[in-house]
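Scrolling down, you'll hit the structures one after another.
Presented sequentially are two complexes of subunit A, the first with subunit B as partner and the second with subunit C.
The block that comes next holds the complex of A and B.
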């Protein structure tokens, strides 16, 4: 169990509180949509509704991570958000290609969605054009991915945040601050199995103690790439879902848990874990849970 | 006159394709560093150098070592947070890779950043004793040197901090590394070394390497001594974009021959070329090689 000596930042992102000392605020669960193929909006609507219901029942806040892979999907996905996603609820916009990111920022601005957008993500591959686009169309929050191609250890992740590891001129924290984004979430960059994958979890308390920003990761990616699990087909989904329990256990604030259709299994696991942590940190550190913590609601 | 060898001090510029690494991360695919090493080595070979390095493409010369030594952690400057110890090969994999890709007639230089320079480049949060840090760095580097000697033809120790003064234990530090090393060893000290030449001449290495092009006054400092060690003559600047013409380099080498005679065994840039644009670094190496060929055949 952790209690950090560094003051922990808490951000209110469009009504969802994230960050702070372990045991105060519940883990924010970020479930993804549209990873493959054409976006299926009917199914998406159902999945989002289900995730929001789970949030209501269990008190763990949820955010949908909308993956945008092609330019032709931008308008449709953002229109879907405007029409079908709860008003004012935060959204995470997840794009890899820099050109697509720039285009999407413009349209997010046109559709007045930036005030509830979490930009997923800023990383060491950010281009000058992307930085300009972010200055012109600044989202509410950004996830910074602490991926350091030179060093995948916790220190390597700190290095990329602090000084850019001699790959870019400044650290990603300063760069994001200069862009004008203040609500920063740090993703500790889960690597493939055998490639320092455990460092994503080990880095959570190290980064929170160093910088105090809300921190989490997509640890389920490691499970997804664990080929040996192919021999245990029925275990794959429980292992994937339960891997997320490592995040709050190591003091983390959010879990990017993969496909939104895993919500039914991920939410109870994390709720249970959050209650356990809350009980312990109150007994040991005197840290009380927030009024809307699952422990208040369920115990 | 015996043909002398053209070589480098260490680092070489490299263009890292960062986005490629990031995409590899998002797709959970490992992207190796080999292509950067290969591009540096290819330039060195294409320029005609006799002895190439791995280009020190991964990091600045201090971080390469402190990233992997126990007791160090990288922050804005490396912090020493525990006892410094060797925790496994640092540059060996890259050297093995270079050995595999270079032609048989090319030689390979192994590079170590010196213990005194590492000591002075770090923030000490543990020892409170500079000498103890330096000796622990030297002991750790010795283990790397023992592995390096199996793969390289020469080992160079880079100690720029010696130019600002050599501690009374400086010779002992270097000897920890070079003692019982089977290949030739070189000490590179860049900057103005006028005040420390006497101490440098006592160092337990075969070759001394200095920044003669940027600091020609150090020729005068050496002139008063009977030079017994071999010399690696820094002959093109590493801090200027201007590419020295071949004739200019020839004049410089002739000046060196006046002072050192046949003790010059290597020609190199003044220092690592990491900060230069790649095209400039390459042209400088090509002109260095041409000048060497004109003088030494």
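The block that comes next holds the complex of A and C.
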């Protein structure tokens, strides 16, 4: 349990506060919503409602991460957000392909959703066209993935953020700032086991002390890629959910967990962890929890 | 898994030790015959490709790579592997003309990549999901029964140098100092 010397930035993303010293604001839980095949919006609505209820009960804010994998799904998914997702609640839009990202940005703008969009994500593979699209249709916030193919250590992650590690002309932080996105969340890029997976967690306090931005990661990806867990079927889900507890313990601000139907396990684990941290940091560092912290609500 | 013949490990299945074909499976449910040397899925256009290169050059019997199935969205890993074989990498270690999002080869020496390019011939079946067509192509490669490329090339993973001394009281990382209560400070400030 840590406290940082560097001033920690706190962003208010469409009503959800994220960042700061450990123990002030609860860990923000970003639940991944993937559609296998055609989107099933009835099930999606249920999953989101369940996550929002857990948020209400336990006080850890939640954001849905909408994974869009095909052009024909953009319009439907964004319409679903407009009609069924709580008004003004932030959304995370998660897309891999640059062309699809560009098209989605245009439609997010048309549907007036940019003010509550977290763009997931900006990384070293960003194209000039994507940068232009982001300048024309600027989202409220962006997740920067600190993936450095050259060096997956915390140093490598800092390098890619700071100067682009000779892979791109400028660091990803400056690039994002030039685009005009101020609310920056740093994802420490969790790698597969055998590929420096622990660096994603160890990088959290290093990056927060270096830059002061809200930091977290999708540590569940490491669990997904732990093939040896296939022999322990009943343990896979608890291991997956509890892996997220590493993030607040190392000072992190958000966990991108997945899939969203793991919410029932992930939320209580993180709430429990946040309370534990808050009790320590108040006693030793005098850091008080925010009025809406789980400790205020549950203890 | 890892194997003496395939020291870099990965998600693959080893079949015939002196087989001449490695099968790279993209989005496809396909189990090749036991006559191939090795097969497995490819997901990422950087680390995934690195593992294929390292594990192929360590077995000189492999002379063909058959890449089949629908390419991975966004990552375009299959097409990026083809680009590596055709074009190699530039001075920034980026695969030349690769369509993937982050196609960088950072953990292999250039000699390893050149060896890979020389050792293997690519059979590009990206976009092909017709199993019988893929099997036919694999069989054609096997029938050619090419000679071994010679000695195995064991690629060493390039690693960052880490210097640790007794005076260096690092906790978590050398850039920060963590005191006994958990207060973090940047080292040197």
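Convention: the second predicted complex is superposed on the first by the 298 of 299 C-alpha atoms of A that agree within 3 Å, B and C clash if a C-alpha of one lies under 4 Å from a C-alpha of the other, contacts with A are read in each partner's own complex, and residues count from 1 in each chain.
FYI, contacts are C-beta pairs under 8 Å (C-beta built on N, C-alpha and C of every residue); 3 or more make two chains touch, one makes a residue touch a chain.
Note that the structure is predicted; figures quoted are calculated from it, not measured.
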item: Combined model on subunit A: subunit C and subunit B, fit or clash; value: clash
item: Touching partner for A:163 - first (subunit B), second (subunit C), both, neither; value: first
item: Partner chain in contact with A:88 - subunit B first, subunit C second, else both or neither; value: neither
item: Partner chain(s) touched by A:221 [first = subunit B, second = subunit C, both, neither]; value: first
item: Partner chain(s) touched by A:234 [first = subunit B, second = subunit C, both, neither]; value: neither
item: Subunit B versus subunit C as contact partner of A:42, first or second or both or neither; value: neither
item: Which superposed partner A:189 touches (first subunit B, second subunit C, both, neither); value: first
item: Partner chain(s) touched by A:285 [first = subunit B, second = subunit C, both, neither]; value: second
item: Which superposed partner A:124 touches (first subunit B, second subunit C, both, neither); value: both
item: Subunit B or subunit C, by number of subunit A residues touched; value: C
item: Subunit C region in steric overlap with subunit B, selected from 43-51, 61-69, 133-141 or 169-177; value: 43-51
item: Common ground on subunit A, meaning residues reached by subunit C in one complex and by subunit B in the other; value: 96, 98, 123-125, 147, 149-151, 155-156, 158, 166-167, 191-192, 195
item: Subunit A residues touching subunit B - in the complex, by the definition given at the top; value: 96, 98, 123-125, 127, 145, 147, 149-151, 155-156, 158-159, 162-163, 166-168, 189, 191-192, 195, 221, 224-225
item: Interfacial residue positions of subunit C with respect to subunit A in the complex; value: 9, 11, 46-47, 73-75, 92-94, 100-106, 160, 172-173, 175-176, 178, 181-186, 189
item: Residues of subunit B touching subunit A in the complex; value: 16, 18-19, 21-23, 25-26, 28-31, 58-60, 63, 67, 73-76
item: Sites on subunit A touched by subunit C in the complex; value: 1-6, 69, 95-98, 100, 123-125, 147, 149-151, 153-156, 158, 166-167, 191-192, 194-195, 202-203, 205-206, 208-210, 227, 251, 280-281, 284-285
